[in-house]
């Protein structure tokens, strides 16, 4: 159990939701918190990126994106044939699990802070890079030839959807400005990060509480999937990170990245590209089940895995 | 006169309202500011609480809650028989004065900061504990047998209404995480507290300016009550704190707590539980009169009282 | 080219707008950011003001306001007779260029921070003082005898419009409380200033991107005016500041102040006072053209001018 | 386009009543509802929405005359005396 | 349920006019009004509400035909030329 | 006051569709539209607007019967199956 205090705010939100408290985070505040988190993470990544010769990352990047692409390709048949779910739903859920969660990732970074562990900062870049193949594969699986895909609209949704755009934008600004240039912004974007993350988790809890119910309707299979899938993805990440010679922290973060499921970028993109998929299923699984699993149990487990494999 | 700069923001708001400036704090921002203040105060209290063996507080707590319950029981007959107000209005106003104001309390804490005075941090717990008897007594006085009370709805409103819920939630998180665990959140919740309080007071001023007028309609009696009542309650607090052997700061804060009148939790709860009461009266008195009185004159007076009694 | 990182956020916003990203800053957040910036700047100015015997400033102030009044008086005939624009549009645009932009000014201050240059802090007072003559002259030019001016409404709009009111209010509070009294608020209003400015510039970019198009319709004249006018005004500022014996920083800031064009106070006031003027023209020029010109090219040029004249 | 004649019942009331009114409306058999924020002025004075519980909400329900009138009667009986409340109906053609 | 036939006058205009229009409407004898935020597009172009004074407001007034037409005439005369303004009426049954 | 009889078409749908629906509506020849935020419940369940893409929008278009019915048909055909969508019309008198 991870006693990182920020996750207690998630509990606070869930409880408020379940007890039908009138607590609400206004929509515009939620928007502002996500803009803040996305920009802050992006800036952080950009600053880190500026420290490395980008060339060196191309190879690692390619490997990570290719391995990441395995996730939706494994998830789809499981959902379709074992779970007996519709093609559209299977594809949409696969896309959610192929892409990543900025907040889960942030909780992971927070834990590393506590553990005083270093990590390869440029890993943040994969918050952006892993979205694209996941969503594209998801759509292809859903369409599978038949039906027309509005690729233009989809690609626009993916690249210029606010979450990816802000992450990428932050990366570029952080990269161009560098640690020195960003310093005047540290007090807002870095010093306040954990506090804002706590508030965001409070809102996530409020929303998750409404999703857990939705999930219940869809039985144990999906619930099981929402726990087993991240464990599988995390293992992929552990092995990949270890083979690429990442530090313990980096290996752990890559696992967390793979294990996390999207509930911001993917839902919006899938709602447009695969409208016949039921969003309650994908969001219910990723937000109602996988997200809490990851921040409470998954993350400590992944850290243990990373430490163990490096102890070999 | 208390030249604590934060209160100048209240003045700024009142003046803007009276001069009909188009200055507005958007509703969602107001919500966000209150969420912040409630959580921050709660966290602070929880951290303090963690430092004491809770057992020791039970006795003090009982006394304080019992004495606190005197306030609405005194206020009601005064309003009903001297003020000749309707049973419902008397009861509702009594409940407002029995419960407490987080912002008034915060201004008190800010002043102690200036004066370099310590205080028993766990007093923050009473921000939560004092609400309950006050509101319950208010409803009983209003109903007095006749009429049905939706106790379930009321209790839910009291305990899971956002203000109490966030205070209590903050308390628990602060208690569980402890000073160390909360440290990463300090930069948001504690360092920015006074600044956020200033912005909140600006909004309070804007709202108060619209309430002062409302109050005027209801003549001098209510205005007088809104000044005399807090003085009486404060005296209760001074004596209680002194007898319980609190520090000067603690005695002062208890007085401030008793003297403050609610304008967030109580109005919402009373609107549901005692709908026939006119909210313009209770909010007009507590926000339009008592709140400014407390932050400008009351608080310095209460501090003087606390110092004097301890000088005996 | 000014590589002050905050301006990169403006670019991020413009690009998002042009690429039709779904990135939006909620209206209430925009409001909150402007309230923050206006109050922070006002407080800063007030604190500075408190350091000087106000008497000394009266003469400088008079000169600066008089010279500042030249700007709209020059802009009007240029727009009316060279640009062949309607009397109303010419007057409204003249008023926009006569008054000032808090954000442009803030970017200027940020640059001085980088360059480790001091400046006469009380210059912030002119953010308030320069608005009034500009707007009044604008209305007189528009009406020119004929037509009735709702002076009352206009003056109210000018003095109690939120931007001026918050600036002035911040000035007074900062002045009354002084550096010491404001210290508890520093962590919010001063430490976070640059970060908030960055977020504000992001929003400005989003808005500007929609204005650039609007501007295009009105041909090269207005675009040219929007670049030449600030250069002219800046020169006025450089000379004035130099003659008044300001420091390099102060001279630069006065030039920036003169060169900047309003897009918050003036648009609102003109929409009421000169409704027949097309707001797309004035906002298109000031926000779509002059603002980006100033923060990217203007400000570095004005700094160079200030350094040069002081090198004489 | 096969359209169906129904009534649109618009309810303007205090934000604090939101949950309670929704409960009543669904209990009376409405198939759905739409809520949006509002502010305004009426016999109960200005409701600027500035104050937490000080704003209004607009609840809209589309249904047949019977449903609407049962809602109107229920709300009138239970809330009109003590709360700001305004209700009006207007005939609409449901298009889907 | 005793209902009363009236008109619902909906006014869509620029947010910057809010106070001024409210003044006019109350001066013409309206018993109340409801305001909500809106954005949109019309002959005066897109009004995204992104810009401070760039949004629209929807003002709704329930009253008799006479009141509505006097409001319409006043606003048309004074504001139609220079401001984004759209007004339409629809018959409603006031239910309380 | 010269008023003109038209239809007010109200469309309630998912916020995520905003840009797409606006495109369709303008393409079908609408002169303008008004958008406001909403939340609610219907056959697709509760839409609290809590979640980013989880809110509703209300799109209102004033136009003649022909325009409205063409919009209704287009949206029904393309979006009714997969998205929360409710459309209804009501006769209004355009006042300016």
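Note that the chains are named A, B, C, D, E and F in the order they appear, and that numbering of residues resets to 1 at the start of each chain.
Everything that follows uses one rule, which is that contacts are C-beta pairs under 8 Å (C-beta built on N, C-alpha and C of every residue); 3 or more make two chains touch, one makes a residue touch a chain.
Please read all numbers here as calculations on a predicted model, not as lab measurements.
Asks: Give the label of the chain whose average Cα location is farthest from that of subunit B.
Replies: F
Asks: Hey, how far is the Cα centre of subunit A from the one of subunit D, in Å?
Replies: Here the centre of subunit D sits 40 Å away from the centre of subunit A.
Asks: Taking each chain's centre as the mean of its CA atoms, how far is subunit B from subunit D in angstrom?
Replies: 34
Asks: Measure off the straight-line distance from the CA centroid of subunit D to the CA centroid of subunit F, and report it in whole Å.
Replies: 20
Asks: Two or more other chains touching the same residue: where does that happen in subunit B?
Replies: 22, 24, 26-29, 31, 192
Asks: Counting only residues that touch at least two other chains, what does the list for subunit D look like?
Replies: Correct list: 36-37, 90.
Asks: For each chain, which other chains does it touch, given as pairs?
Replies: A-B, A-C, A-F, B-C, B-D, C-E, D-E, D-F, E-F
Asks: Help me check something: in the complex, which residues belonging to subunit C touch subunit B?
Replies: Touch list, subunit C to subunit B: 26-29, 31-32, 35-36, 39, 156, 160-162, 165-166, 169, 172-173, 176-177, 181-182, 184-185, 187-189, 192, 268.
Asks: Which of the residues in subunit B come into contact with subunit D in the complex?
Replies: On the subunit B side, the touching residues are 24, 27, 30-31, 34, 206-207, 210, 264, 267-268, 271-272, 275-276, 280, 283.
Asks: Can you check the complex and tell me which residues of subunit E touch subunit D?
Replies: The touching residues are 1, 3, 6, 8, 26, 31-37, 62, 90-96.
Asks: Can you list the residues on subunit E that touch subunit F in the complex?
Replies: Result: residues 9-10, 12, 36-43, 56, 58, 69, 72-73, 75-76, 80, 85-90 of subunit E touch subunit F.
Asks: Residues of subunit B touching subunit C in their complex?
Replies: Within the complex, subunit B contacts subunit C at residues 3, 5-6, 8-9, 12, 15-16, 19-29, 110, 113, 191-192, 194-196, 198-199.
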